């Protein structure tokens, strides 16, 4: 599967014939009364929209969003953005590629590699209360942790992004704890691994990710705090021991400011560091995303994830 | 006890002889090397500070902050603020007034009256999930609810203020639900009764109130959310049923804005109303506090609780 | 008239034949040089736009914005929004519906009912200065008060919205004044009835409402203050009596914050309450507007009137 | 009178014997029970406070704030600020200086000079509506205009400051109107002369200036707008003619931003210019005030009127 | 050349035949697969876009953005905005108009007039350090100063706008310095002439202006500061003399606030005045631009350059 | 010298006899007319103030701020803050400790150690332009770099703080560059070493540090940018080569936001990382400072350097 030419590689006016993930399909009518289908497809490399003119209702009815389709199309351009003129579109048949996971962008590490590294990190959490909580919650949410994205869009919005982002912060935390001995490495590691775990409840899943109702009405910060409290109850830990207060604080405060959704500001140094490393890794990933779509020696489009900045990619020399 | 002349009633230069609550006492040394005690006492009417000159270490050692003392003093003035020159200060003896509660300001309702009204209100919560959660948590925290203040300082900072503030909002909620039929009265009542209940963990108690460590590091909004989740677990309710999500949302969102410490904004109409009624009642109490210290036809001092406004008390005519 | 099927009730691809209010009409030319008319019509249920292809100049010239038209059309969809393909459009003939008021959304109360309730409320304003001012201004602006909307768009943007919004606040004010005896009910009622009355000068009228030049350059807050001052002059009242100062203050301060257009912040408790009730009623109406366009169990589109929130309509069970 | 040595000229430890304005006097008691008087006096050069120890009630009772007193004192220093040790203080006798105006700071122009210049400027207002309104209001408030300060503290807080500030803006307006021909000079002149005239109602008077009740509850911007409207009524001018709308707008908008108390932003170019010239002149006066208390080559104390800046006075070379 | 009818003068449906500047040209394909060219042209009066249908690749290839073209077109309308249907487009031939400068909007003064006035102003800079720096930098950047715009879009975005804006400020500075004698006119003049000179590095040039890489990454404020420092080095002036510190400060602070890109706030009175005059002139130009596109008695479209205000153009009477 | 008991170690009422640095001394007069000296002294452990009563002018005149003094005093308390009652104070004699550096707090590394590490780091800057600039500027400012503090107060406000803070960031930069290979380590290292070097011009020196005039009027960000430009000129490097633009950008943008004094926001990923590491190290140092003055299990006083937070020091168990 992986040797298929990617959407990104097609040039203007080139003919395309490939499998892709169907992300959206709507039937509409032209002014002259003829039906057409507005379609969005995607593969690992990009997402692209276009029309299938002179479409029939039958063609449309067999299409199912979130499934693999076979398409024939021509790569065109509309208002300086790439689009497709679809000539044919149909569901993938038996024996043809059907695995949705092959058509979604994935992060730089495989789930298995991440899992091994996480296991090693959990060992390094010396404090038994924090280690037990982390183990308990990873037993419960391991699968989602390694497959969910870290966000619906923006930084780490790829399958496995949640695990990868958490690991990256844990690695940074180790470097920082080594340089600044006053920091409690165990608390940083437990915080790094758990801080975004509420996203497995906040988000709908790895593909076609949306916010769930609890995600919108409660938010991932409080959702994981609740899970920690329930875990502590289950493990018969004292809910108001300093250890448990500290762990909850570090996670509740990780957005750094009330206006970014943390109900408390970081009042413990590890909480402050965790917030800063979260921002550092998220920013680096956002820069990376944007620079990948920018030519050397050029400024990017304005990026919402980077506070509307138009950033610069130095020329390669 | 109640017939004792109150601190507020003494005039400049008048001699005072009374029992009061000792709020602070420190021994210090004048430039000429003589020890003196810096003292703050209070009764229901006010708090006042002053010095006991020519004090001995023995006099100081028997004083215990948070207990009732007997004092003789003269009411003086310093930089336009009332102060006392203490002539004598000693712990209350056996047989003399010793009940601290008699010296702290109290709200307009007695605990028992409030409790009856709360019981009636709980009956009006028709939704069984919300009623069970409210009952469960009131069984757990009833005593504190009717004796704690609603804040360390500012609005409703008197013993029983928490219960009184919650009841006031519940009464407003009933009027509003009657006028706007689209509102769910049960959700408003459950929200009104629970929204500030986390303060029984956030604050240290009814007298000499301070913030606890969980109060500072987690905050009353998340503290009560955690208790709701644990109650639901205990009552074997589905944590992700819409009823439970709505109740948690209404409470998490009651500060109205992220920058005021709510991790989510009100996204359900009852959440929005609860926030507005909370603000309305808190503001009315703050105005009342400030106007009580302002003469008719005068502007008050600037009030922190009222965004630094200097408010006006109309003349009585 | 009222039994006509409403625009909102037509399904995709359904044929429409009805009377409606013409809100906009422009003649344009296609790329191939053929003229067409871009049209917006409305009835009580909604507003909708679309094209009349192959239009002639004659067809266009007889159309008059703000009048009733007869149309034949097909309900289509464009970029997920409903639109019409017009087949015929012409002015309503004699004997056909011509009353514009039948095609604009109206509030939940009739003008006459509102007027009766207002009269009762004016009686409850005990203070004679305030009562005389209110009577004077209602004599002057009664008709507009019961027919104007409370805003060009957003909350209470329907004919009669101004009166309905003011009445709703007056009702809330009575509940609140009953619960908090320190409040002056007369001042709240006078404030509730007058606070938005400047909108009868700020806005152009009940239909196709726009801002007038004084509306934009002076604003409704100062416009009604000026009318109060002129009324007081006419009634030979002392402009700088406390009563008149208080009434003007309550109204000038009703937006609550300088940045929302009040030239002073609320410095009197009734001014603060009036501001909060204004916000409460406006928010409830905005929630209602948005929830009416949202399915149970779904989140709404982001609403400008609700600070860009996407709100939740609980499922009905 | 003017040859009297000024307060500012006395050195540390120097004996003072002079007439001054009594700004505050309170009788208090020392720890050892002896009465003393806390006193603030002022002359044109500065304000200074201090104590009269061993004071009698008789000494105190004859003192009247706002009158001229005779004092004997020693110039001392307390926490790096100058203060006085009073040896004697008594009301000025008959035949001694009694004219309060001789002891308050005054601006760079005399009332008469200002009045002449204002008269000339009124002639330059060509538009008859604006000219009539300006004449009418100057007939009513002429005396106050030339004697009131422009603020309680801050820029132009000297007797006559209101007139001087208004004139300075009118002069700037003439230069600007000459350079930018698209501007209506008449509107700028009328705006310059009237924009702060509401301060004659907002402030209590030229000496010991405080805010009045209408000043606090309505504010000078709306107070002058009301006077314009009443004047127009008296002059039988059409309240909603463009000329009157423009004049009111220019004045209502002169604080430039809603958060600075203007109920509307400047939407007409003359309104924008008037706001900017107001700020320019106020800033220049604030810089001047601060630099006068700063040595060449030094930075000033932080100035509230200059957004807390510590400004630099270049060295003289 | 100047007698050619301008783009702005053509009516709907009128045929156009003229020379213009080509600002953009892209070849695209219609749904039916036919190539067309999307074109933007401009002359001094306006910029306008449109399509050339049925275009050939040959037609497209000879077009060069930034050169003069000959066109035949019809003036149409699309979504209430003017557009062109191009019938012919080709490069201007030899002997036909080719001078790009004839097709770009220009300011109210010619370069030569501006240069003369600048020379006179430089003479008025009495301080030798400032005069030498100004002379040095004008020798280096004279040509660009009189041909560059003052911005990519917004105020003074016409060829020569940089010089014209700087001169306008210098004129205002002279008026202000005359009225307020405490100001150093030389410093104001040097500041007025140099403050935006960094734009000759920040912007790409007088036509089709974009931001350069140093423009984006360093910004015109620091770019000119660097040039001043290099000039001082070259002229062997003491970099840390007060004169040079003041000049740099005045220029660094001219945006007035940190959030507008000044690395320091104005701490010297001339810096404050320069900032205010810069804003005054820029605002006046922005008002002028917007009012030129607004009918008398109407409100303009919202203007980004005027903080999103919709401003009013009074009716002419 | 180092074995001397430190100021911090003295208890209430304990007698002190020691050498210390004189930070301030003023002669004043009591109400009863007797002169006294207000004194502030410091050693490495803390700063403390107090009075020498019954002082003579002779005693005062020999004292010189910034020199070592010998004192006898008693440790007292005033408003809960430690203070001294001085019994004797005189300049240190010959043969007694006179080295000011022994009495100022110092960082965790010696200048020599830091210098070695910096030399190693410069080697790791592979890009020749950046290496040459760094070398050039370190040759010029080496001594100051290793002895100046990083701030007048707040984080790293100790002698050598500038070098130590820069090194800490450089170390963090190396860890981060290792984990994120897309980053240019050379640019990060050059940025880390140079970003605050302007402080050697902004601040007055290692002891009794104040802001210089260029420090206040230009600021350290632009001051070092100017030095880079002058160095580039001297080294005959192209000022507008991408390398030089990038280096200047990284340094100009290191405060991250315009409102924090950067004239440009970080538009290059290394600029963003440098800003975040600067904040991380400064925050860690501020936490460290505050926690050192806080008992385990307690909350600190509010810290200006930490956005007014009162932070928590976990109990040691």
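By letter and in written order, the chains are A, B, C, D, E and F; residue numbering begins at 1 in each of them.
As a working rule, a residue touches a chain if its C-beta (ideal position, glycine included) is under 8 Å from a C-beta of that chain, and two chains touch if they have at least 3 such contacts.
A quick note: this is a predicted structure, and the numbers were derived from the prediction, not measured.
S.K.: Name, by label, each chain that touches both members of the pair chain B and chain E.
M.R.: A, C, D, F
S.K.: Of the pairs B-C and A-E, which shows more C-beta pairs in contact?
M.R.: When the contacts at B-C and A-E are counted, B-C has more.
S.K.: Same residues or different residues where chain C meets chain E? The copies count as same if more than half of the interface numbers are shared.
M.R.: Counting shared over all numbers used gives less than one half: different.
S.K.: In terms of residue-numbered contact pairs, which of B-C, D-E or B-D coincides with B-F for over half of them?
M.R.: Overlap exceeds half of the contact pairs only for B-D.
S.K.: Mind checking the centre-to-centre distance between chain D and chain F? Centres are C-alpha means, answer in whole Å.
M.R.: Computed from C-alpha means, the inter-chain centre distance equals 43 Å.
S.K.: Report the inter-centroid distance (CA atoms only) between chain A and chain F in whole Å.
M.R.: 42
S.K.: Which chain A residues reach two or more other chains?
M.R.: 213, 216-217, 242, 246, 267-268, 299, 310, 312
S.K.: Line, ring, star, complete or other: which describes how these chains touch one another?
M.R.: Graph shape here is other: it fits none of the named patterns.
S.K.: Which pairs of chains touch each other in this structure?
M.R.: Contact pairs between chains: A-B, A-C, A-E, A-F, B-C, B-D, B-F, C-D, C-E, D-E, D-F, E-F.
S.K.: Write out the stretch or stretches of chain E touching chain A in their complex.
M.R.: Residues 26, 28-29, 31, 213, 216-217 of chain E touch chain A in their complex.
S.K.: Under the touch definition given earlier, write down the residues of chain E that touch chain F in their complex.
M.R.: Contacts found on chain E: 213-214, 216-219, 221-222, 225-226, 229-230, 233, 239-240, 242, 245-246, 248-249, 252, 258-264, 267-268.
S.K.: Spell out the part of chain D that touches chain E in their complex, as residue ranges.
M.R.: Interface residues on the chain D side: 168, 171-172, 175-176, 179-180, 182-183, 242, 246, 265-269, 272-273, 276-277, 279-280, 283-284, 287-288, 291, 299, 307, 309-312, 314-315, 317.
S.K.: What part of chain C is in contact with chain A in the complex they form?
M.R.: Spelled out, the residues of chain C in touch with chain A are 13, 51, 53, 76-78, 80, 85, 299, 310, 312.
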